[in-house]
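Each remark here refers to the structure printed beneath this line.
By letter and in written order, the chains are A, B, C and D; residue numbering begins at 1 in each of them.
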Amino acid sequence: MLAQSFSWQVTVIILPLVAALLCFMLPKWGRWLGLVMAFAITGSVIVLAYQVMNQGALRYAVGGWGAPLGIDLYVDGLSLLMLMVVALVGLVVSVYSMAYFKAGKAVHFWPLWMLLWTAMNALFLSADIFNLYVTLELLGLAAVALVALAGGVDALGAAMRYLLVSLLGSLCYLLGVALLYHSFGTVDIALLAERVESTPAVWAAMALMTVGLLFKTALFPLHFWLPPAHASAPAPVSALLSALVVKASFYILLRLWLEVFSQDSTAAAQLLGVLGAAAVLWGGVQALRQTRLKMLIAYSTVSQIGYLFLVFPLASLMAWQAGLYLLLSHALAKAAMFLAAGNILCFGGHDRIADLDRVAQRLPLSLTAFALAGVSSMGLPFSGGFIGKWMLLDAALQSGQWWWVAVIIVGGLLAAAYIFNVIGHSFTRAEISHEAKPVPAIMEWSALVLALAAVLMGLFASWPLAVMDIGAPFGGGGS
Amino acid sequence: METLTLLSWAFDVTLGLTLMWLAWRALASEDLFKGIVLFIAFGLLMALAWVRLDAPDIALAEAAIGAGLTGALLLGALAKLEAGAESRSRRSEILPRPADKTKVFSGLLVFLLLALVVMLVYAIVKLPPLASGLSAQVAENITASGVSNPVTATLLNFRAYDTLLEMAVLLLAVLGIRSLAVVQEPRGREPGAVLDMLSHLLVPLLILVSGYLLWVGSYAAGGAFQAGAVLAATGVLLLLTGWLPGAWFVGWPLRFLLIFGLAVFVAVTLVLQLFGASFLEFPPSLAGSLILLIEVAAALSIGVTLTALFLGGRPQPEPPSSGRAEKRNTSGTQPS
Amino acid sequence: MSSDLFYALTGASLFTLGLYALIKHAHILRKILAINVMGSGVFLLLVALAAGGQQAFDPVPHAMVITGIVVAISATALALALMLRLREASGLAVLPDTSPEELSEQLPEAPSDVASKNNGKNA
Amino acid sequence: MSFTDILTVLLLLAGASFFLAGTVGLLRFPDVYTRLHALTKADNLGLGLMLAGLALQAESWTVVARLLLIWVLILLASSSVAHLVVRTAQQKGIRPWKR
């Protein structure tokens, strides 16, 4: 009985929620509680992973009601990998935040971050499109509150814009949910996939939900809110937002397109691909033009998000796998970059690229982290980014759509240019001297660990690829 | 009977058109205050529309939360905005015109929105003749849910997980606001004898109404959210009459009340899990009482939370006696 | 056309109207009102479509809308607090009307400095 | 149509006409004081008439009691609000309109 009713899926959602309540209730202990709970959450994700790898995809009926009436939780390879990358990045960022946030801000940071974690875990496990709406709102509001934590006009303005865009996206999504519910009498993804047929309401729902989620994912040209928000947030928050939060709405989009909107939407898929290509190029060019490190990294995110949308027109098994692989390695690399940038900002009090002034000698670990993450972003062998891009190239060639190959290669070159721009400046001596503040070692090591993970993903590629197949989320030509 | 259906048709059309007109006026009016008042009127008429749509539960929630408390929040924010404006009048409140957006842009926007309307209308009109949704499943399982009001059954049993997360959203809003602003002392004015008397009369009555809504929610329109909203109205009324939470209250007791609903919700499900139920599963024999327990805690928390939202920041335990008389202007203190 | 369908179409119109105002108006308070109007439109559509016909009424959309109303007030409250903070810091209750490219050239480490720059530009 | 039905219709119509008068007054009167006067007096009376009309149709005494409670509460609220509005107007120095 206990084995039937108990599930690690629930634990993964409830633990961060309880952690948020505890951190809020006991602010003095907030940091330590947060850290301990971060380890506990990561532990339960590992147990869940073990369970899924042995038993295959799991479905869990909340409240014992089952799909059309109740809400189901569903975990397969796709959601498991998302949970795991959230746990890894989340754990490292938690460790980093122990040193980063001083007492005043820490009181607010920990409960908000634990609620953000709750939202992400709930989102990746949900099989119910209305429940996904609630998790999206939880995620959006938590992210906005975390950005605003930085204070200052830039951060507040960016948070405001982010909030409005996020609400707009949620409402578009909710309108789509309403249309789908009234068409098919259910909000469960699996049941919708069975019942879906091509009607005007489904097309309208697809358009609305896709646009709503694109707003949140910040695909070009809806990316305008992302660079200021991600650049002006506190460093750990930047890392969380860029690495994880934008991927959450992408995950919903992917699920919906794979399961519900899978039939004859090739024209729309081509459009997504074109926007993705534009994002790769535009983001890359803008990143090159930036004078500030955090803005550069934020634009790099705009560019890297573009790659994820190149898989929609290809729509082969290998393309989906490539997209997910790129997503995972980008999550690790981008978190590492923002943490490294946070160290540099903390060290010198600014992040102007031109005045980096021999950071290479003063913060060698952080710069190594940045460089390694950059290697993955560029797609140099044998990093995680390389495997993802290689598979994407292969998928593009196999489907005969060679023009995407050009986009991928030019995007890689742009990435190389803006990364080397930073690294170059970090060796040279700058005119401006500034008083340097010591950076706690734990903050440097945190960034390095994530960067190493991003690179190691390239060396141990077979394992994530095997996990992806559990429950065949992309199987059978994406149905 | 013919005339009656015609009359109700005419009523519905009038109501719908009035809603659109009010929304348009609320959004387009030059004066922000007028816009907010029109928005509150819009919310009240929305409640009427809910009644017409046989949704009394939503009508109550809309009137209390959508029109009442949202209106109070908006007016409170506007008052603070204008209080700040007085002190920095030199930096003119003239808003930058959205004029730099060119005519082409406006035309394109209108075109796109028209396309959106056409798409939506087409989609709605072409919807298949109505599937009955989940009404059959709800009716089948309602006896096992422990309550007889199907909306409450859905909110607190069938889809209780949504409600759990939704309460987390509410808590999140408070956390966000507490991280943004500190309320040193409420903008206390002398309440005057009439308001004082009104609050003395109304507060017990409101608490009674809140309890009634909570109790009645298991079989008729009402429930934790409506009850919580009425409690919050009590809180807002008290704040307006110059009542302050005591210094002893704003520390852990307040934080405890804010999380109380969620904590009880989680604790109940965890305890039940120990006895072999699955997550958020209530055994039918106990479901009624457990749901009531959760609802009482939730209503209390929702009431406190919504009041805290109206307060608009983290209350700071300050010595209340000294600074009362002089009017502080938080937004005007920053030199620039 | 049944009156329920009419309410659904009203909902769709309210959504679009709110969207127009959200894009068109600069003042944040108006944008917040616009978001609320959009939300009301979606809720109306969600319930009105379920009310049609004479079958037993479907409580699930009703529960969803109550959830939605509570989410909406949470978001509104957070947005208003953020607006007041922004106004306190920058003196204006509008979104900083700088493109991201311009923003990058300003320094975040000195908020007051940026504030005066922004205002100089807007006034 | 019974006698009570006719009485109900008459009361409702009378109530509606008071509401109409109150609304016209709200729109046409020159200053805040006279407008309040139109609003509170006419509307309270109109509401009372309407509730009386509805009470005639009530199925039980509890419904009548609830209708009465609604009326009392609205009287209380509207008179208090009218007082507050007038007080604020006076504090702001708005003078009553004189022709």
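Criterion: a residue touches a chain if its C-beta (ideal position, glycine included) is under 8 Å from a C-beta of that chain, and two chains touch if they have at least 3 such contacts.
Model, not experiment: these values are computed from the prediction.
The chain with its Cα centre farthest from the Cα centre of chain B is A. Set against one another, B-D and B-C show the most C-beta pairs in contact at B-C.
Taking the mean of all protein C-alpha atoms as the reference point, the chain centroid lying nearest to it belongs to C. Centre to centre, using the average C-alpha position, chain C and chain D are separated by 35 Å.
Distance from the chain B centre to the chain D centre is 27 Å, each centre being the mean of its Cα atoms. Averaged C-alpha coordinates give centres for chain B and chain C that are 15 Å from one another.
Centre-to-centre separation of chain A and chain C, using mean CA positions: 25 Å. Listed for chain A are residues 130, 134, 137, 141, 144-145, 148, 175, 181-182, each touching two or more other chains. Each of residues 15, 19, 45, 49-50, 60-61, 64, 67, 71, 74-75, 78, 82-83, 85, 89, 115 in chain C touches at least two other chains. Shown for chain B are the residues that touch two or more other chains, namely 120, 124, 127, 130, 132-134, 138, 158-159, 162, 166, 169, 172-173, 176, 180.
Chains touching one another form the pairs A-B, A-C, B-C, B-D.
Residues of chain B touching chain C in their complex: 8-9, 12-13, 16, 19-20, 23-24, 26-28, 32, 35-36, 39, 42-43, 46, 49-50, 52-55, 57-58, 61-62, 65-66, 69-70, 73-74, 76-78, 80-81, 84, 88, 91-92, 94-98, 106, 109-110, 113, 116-117, 120-121, 124-125, 127, 129-130, 132-136, 138-139, 150-151, 153-155, 158-159, 162-163, 166, 169-170, 172-173, 176-177, 180-181, 223, 225, 302, 306, 309, 312-313, 330-331, 334, 336. Contacts from chain D toward chain B in the complex involve residues 73, 76-77, 80, 83-84, 87.
Residues of chain A touching chain C in their complex: 130, 134, 137, 141, 144-145, 148, 151-161, 163-164, 167-168, 171, 174-175, 178, 181-182, 224, 227-228, 231-232, 286, 289-292, 295, 349-350.
Note for the complex: chain B touches chain A at residues 119-120, 122-124, 126-128, 130-134, 137-138, 141, 157-162, 165-166, 168-169, 171-173, 175-176, 178-180, 252, 255-256, 258-259, 262-263, 266, 270, 273, 276-282.
Of all residues in chain C, those touching chain B in their complex are 3-10, 12-21, 23-27, 29-30, 32-34, 36-37, 40, 43-45, 47-53, 55-67, 69-78, 80-85, 87-89, 91-94, 97, 112, 115-116, 119, 122-123.
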